[in-house]
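The following pair of complexes shares a single chain, chain A, combined with chain B in the former and chain C in the latter.
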Partner chain A sequence: MNRVFGDRKTILILLLPTLAIYVLFKVVPVAWSLGLSFFEGNTLRGFEFVGFDNFTTFFSDGAALQSLRVSVMFAILATIGQVTFGYLLALLYVFVLRKGSAFLRTAVFFPMVLPTVAVALLFRSFVSVGDTQGPVNEIINAAGGESVEFMASTSGTMAVALAMTLWSSMGFYAVLLYTGLLDIPDEVIESGRLDGASGLRLVRHIIIPLSLPILLSSIIFSLNATLKVFDSLLALNNGGPGTSTAPLTLYMYRTAFEYAEYGYGSTIALVLTLLCLVFTLTVFRSSRQRVED
Partner chain B sequence: MVSRRNRRKPTAAGLALVTVVTLSACGGDDATDGGAGGDPEAFTVLTANENATLEAQLTALAENQCKAENEALPMEHQKTAQADTVQKVTLLASQDSLPAHFIAGTAMVRPDGDLGAAGKVVDYEELLTEAGAWDNILPAAASTVEHIYGGMVSLPYQYNLEGIWYNKAIFAEVGLSEPQTFDQLLAAGEELLAAGHQPFAQAGAAGWPLTRIIGMYIFRNVGPDAMEKIRDGEASLTDPEYLAGAEALQQMAESGFFGEGFISLEPDAATAAFLSGRAAMKYDGTWALSNINDEEQNQIGLENVGFMPFPDVEGGAGSVDQWPANAGAAMAANPDTAGPKVTAWLECIAENYGEQALSDAGVLSGFRVNGEVTDIPETTKLVQEKIAEIDETVAWFEALFDAKSNSLASTNVTLLTTGQMTPEQYMTELQASIDAAR
Partner chain C sequence: MTTTPSLTETLPPAPAPGLRPRQPARRRARRALRRVPVWGAVALLLVIVMYPMVWMIFGSFKTPTEFFENPAWALPESLSFDNYVTALTRGNVAINYRNSMLVTLPSVFLIIILGVAAGYALEIMIWKGRHNTLLFVLAGIMVPGQMILVPLFTVYFQIGLTNTLWPLILTYTAMGLPLTTFLMAAYFRSVPRQIFEAATVDGASPLRSFFLIGLPLMRNAMLTVGLIQFFSVFNDLLIALTFTTDPELATIQLGLLSLSDEYGSTQYGPLFAAISVNIVVLLIVFAFLNKKIMAGLAAGSLKG
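Showing the complex of A and B:
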């Protein structure tokens, strides 16, 4: 075996097909898109080289900056919610329910497999008002309050979008973190208990530090997924009211495909990629510092 | 580490070079000339998923009146989601693979649009005149098409008027007659509210059912050339007479004319609200006739459906005789495949579509009806009579906007109607977008 993998030619033969596919379908499109961000136009009108014009446009484009804010805000709030609730659920599985957690794990994980658009339509009908009033407003009415039109305000739409994201994905993060918690040796927890640590102190001084790597992975996972949020906000309220909940991905889609400005659309995609990179590196950096501390 | 970095540089540079070279190759593929080309292997027709009527009526023609043309060049249908039209047609056109007859975005087919500038749309007036079939296009429809698209580049498969559908029974119950001025419309709305009726059913989720009201107020206030002045930069949406349109819509919304939850109301639900008697009025197009004439949907009865123009604005330069009209989505033809067989197909469509669509689906088109059609529902007759009286038409609020401003007008209208945006902010943002596209 060693002889086979020690031979450079064999390695090359084995790697080449995969590498070729990877380059063709991943590297080339990415480089293509990167190149497109220096051009303006579309496949029909033709492309014109504009240098850094698209980048200067981006930073003076109110709609683009607003979308950037929406993406960042959504990513931060959704990540805090997903990871916190996921972690609490994981602690519940491991320390309270223990072996009896299988049913709850499955039940909480289940919304993850539902299509996002279907979930968005479900939540939209939950909070609807008027002729087809949903259960949320029925409850508000029953409690003596007036119906709230969630989809008419930015905060209302955002709240529903966040609730929806939490409902559908916290089960996934719970399972991810649960596997991390299972890796903590029982002896460590036991010795902690013997030393007098229990409840919150045990979690704070033993569990969290030992599950920090998987916790950081979850944060990076969550940030990257929520920064690229598209279908849920589109299906929920079409990025509205107005364009106040339109994330960068939706603005990118509209720019490229509805307004046929492929060059500027690629610039927005590049900004989004850089944003994901910055967030990931920031989390990595802070984790390394913690470990060094 | 150093050697590794050095090795990466040429790779990155190579990739960048490949990208730029391929992109410039792409950029070089510019406009191709129009003009009659050779016939394709089939008469491919690209229509929107949302418009099932058009496919059904064209298929009916292929089986009956246009059987000979269909045998010479069989018809093949291709479909697209209406929202994907611009993307799909742009790609097909850039690959020289446009179907013979296809749906296109409004801005694309204009002389300065991507297809118009590249000479990728047929001038139907020229083609049908040569074929001796031009008199099958109603002059009013031709004028509407030319006005909206800047040339005769679309066939008028529909000819729609827009106005206010109203429930005669509710009007009689409250003691109202057709409002003649916008102030009377507001007063009627207040009376309806006081009597416990919702005045309007407008689908806020779609955006345009609300922006149309801004546009109509402006046409009545400024005159029929109001939006051309905006396009040509002779006036601004922030001028007081234009601003009044946004103020009028906001006032209607704040008075509660559109009912609870109108922001997320979908078009079908709004139509159902009107046809079940839950709302007294609905600003909509005559395309709603297919719903109104459907006994299952129409619970208020055909005899209780009235249709009136958007009323005058006192002291305004426009008039109720100027009906907003449109000729459906753009249906262009590809000049590269417009050979004799395709021309024969288009000629047959022009001669027979009017009668076919009216008798089979009750659809009013911009084609002459060459034959007698009986059993036309009362409401369709009413609209036919209105069309016959029309001398002058206007477009709609966003008709002459670029794609981005068009979208902005619809998305921001929610903020305007819920008071999260002032009329000044709404119009200023829209005008800025129009200016940026110039």
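Showing the complex of A and C:
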């Protein structure tokens, strides 16, 4: 039996195409990019070995540090928002609406499948000012306030970007956490109730600890996704005003393809990759310690 | 959000068996009353989720004068499709759709068919090093797209692929394979091995049992994973932006981006029409497949 399932030819036929594409289009480029981060220049101008210069440049490059800040801040704030709102929604689905939550689950999830550029343009017009003013400023005016030009300030753009991210993905995190909450056995919750826990206490002492693994997965997934944010910030305000809301991804794209600095661009990409790794490991380790304590 | 207070108030009360038979009518009324804040919160939530889209779809029927003169929440005065005509004829929306499909369908097909084969080779076949190979492929999930852009761009440029859709198809396939292979291996793991062993006893080669038993068994998984990949390819901007320069090759995301530059804040109608086409088409697809899509996206993120 094992000889049949160990047949080399079959393994090669089935696995080789995937492995070849993966190595050629992903592993080799990653290694190449890693190497490029020690060079300066581009294909036309030629490359020059500069050692760790790109890395030292990065930490004295104001725009790079600003984009690093944007990426980290956006990732942390968006993750807090997504996981918190997602969790509240999931609790609402499981414990309040129960079987009746199907429609709400579907409706809140839907924006997730829309193209990010479409969502960004939708939100940009939604908060616009002037002759073609959007509803947000109409409401502000109706309440007696002056119209706010959100896209003219860094904090305004970031606020809209965060609201937009929450709007489009909270339903997704809600479904994710909902599946996790469904896995908690009813008996455990019932016995918690019998012991006198109810409402917030039940959530804090029984439901949250039991759903910790799935909360953790959501946090790691959300951090990884939001650190890679590109489309929405590009489409929303093109990283503006100026370059104040350009995340690392956008800064990398511009450095490599608009200024044709392939080497430095690769360095920025590497910093981004390391950032994802560090965030993931930090969350993972801190949670494991908590579980062990 | 406003659901917090109502949530804690309306968590089902602790069962108190002794009380249940007393005053059932009043109790029911009280329970219904307690539900009011919940329904209020649900309604508010639905408004928050739907209103931006509804507003945009209404906007797509408005004339420029209506934008200037009427308040933002006004309904369109008439149902005119002028904006749609403009968007479709001038804005290349139709070409963008065609390109997106020409890229997405082959990519997803390749990702699924290669991924399911690799999943079978890694999970059902028995050989030394298969666990490490799976880990090696899995590592690809962590790598951001930015990390492979420059080398791939260089190569595509040098072999003259930059003005075709091939760079997109190849790159999407490579990017989708790690997660798909991993998920397919996980799905194969949940199938009892005896099924494949029985086929072997009956004289089927492992390749034959892959095609005759493995593939049909994975039909559901392939649809689910296919949907995850469909949306991640269909909604990508980074790869499309980097590897296509010709507007004739622009995908939907690129088309929308250039539309917003072209129309800016001056002409909302056609822009809204172009976005509404997307919202409505995806809404129809979602209405039919929402369970599979939600399950797929959730599985893809948790296992990845």
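Rule of thumb we're sticking to: the second predicted complex is superposed on the first by the 272 of 293 C-alpha atoms of A that agree within 3 Å, B and C clash if a C-alpha of one lies under 4 Å from a C-alpha of the other, contacts with A are read in each partner's own complex, and residues count from 1 in each chain.
Throughout what follows, a residue touches a chain if its C-beta (ideal position, glycine included) is under 8 Å from a C-beta of that chain, and two chains touch if they have at least 3 such contacts.
None of the values given here were measured: they were computed from a predicted structure.
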| item | value |
| --- | --- |
| Partner chain(s) touched by A:258 [first = chain B, second = chain C, both, neither] | first |
| Contacts of A:107 with chain B and chain C, given as first, second, both or neither | second |
| Which of chain B and chain C A:36 touches, first, second, both or neither | both |
| Comparison of chain B and chain C by chain A residues contacted | C |
| Partner chain in contact with A:46 - chain B first, chain C second, else both or neither | first |
| Chain B versus chain C as contact partner of A:55, first or second or both or neither | neither |
| Chain B versus chain C as contact partner of A:123, first or second or both or neither | second |
| First (chain B), second (chain C), both or neither touched by A:6 | second |
| First (chain B), second (chain C), both or neither touched by A:270 | second |
| Touching both chain B and chain C, residues of chain A | 27, 32, 36, 43, 124, 128, 130-133, 257 |
| Touch list for chain C against partner chain A, complex | 1, 3-4, 6-15, 38, 41-42, 45-46, 48-53, 55-56, 59, 67-68, 71-73, 114-115, 117-118, 120-122, 124-127, 133, 137, 140, 142-154, 157-158, 170-171, 173-175, 177-178, 181, 196-197, 200, 205-207, 210, 231, 234-238, 241-242, 252-253, 256-257, 260, 265, 268, 271-272, 275, 278-279, 282-283, 285-286, 290, 293-294, 297-298, 301-302, 304 |
| Touching residues on chain B, where the partner in the complex is chain A | 15-16, 18-20, 22-24, 26-30, 83-84, 86-87, 90-91, 93-95, 114-115, 117-118, 120, 205, 259-265, 269, 273, 278, 402-404, 407-408, 411-412, 414-415, 418, 420-421 |
| Residues of chain A touching chain B in the complex | 27, 31-32, 34-36, 39, 41-49, 124, 128-133, 147, 149, 151-154, 237-244, 254, 257-260 |
| Residue ranges of chain A in contact with chain C within the complex | 1-2, 4-8, 10-11, 13-15, 17-19, 21-22, 24-30, 32-33, 36, 43, 85, 88-89, 91-92, 95-97, 104-118, 121-126, 128, 130-135, 137-138, 167, 171-172, 175-176, 179, 190, 193-194, 196, 198-200, 202-203, 214, 217, 221, 224, 227-228, 230-231, 234-235, 249, 252-253, 256-257, 262, 265-266, 268-270, 272-273, 276-277, 280 |
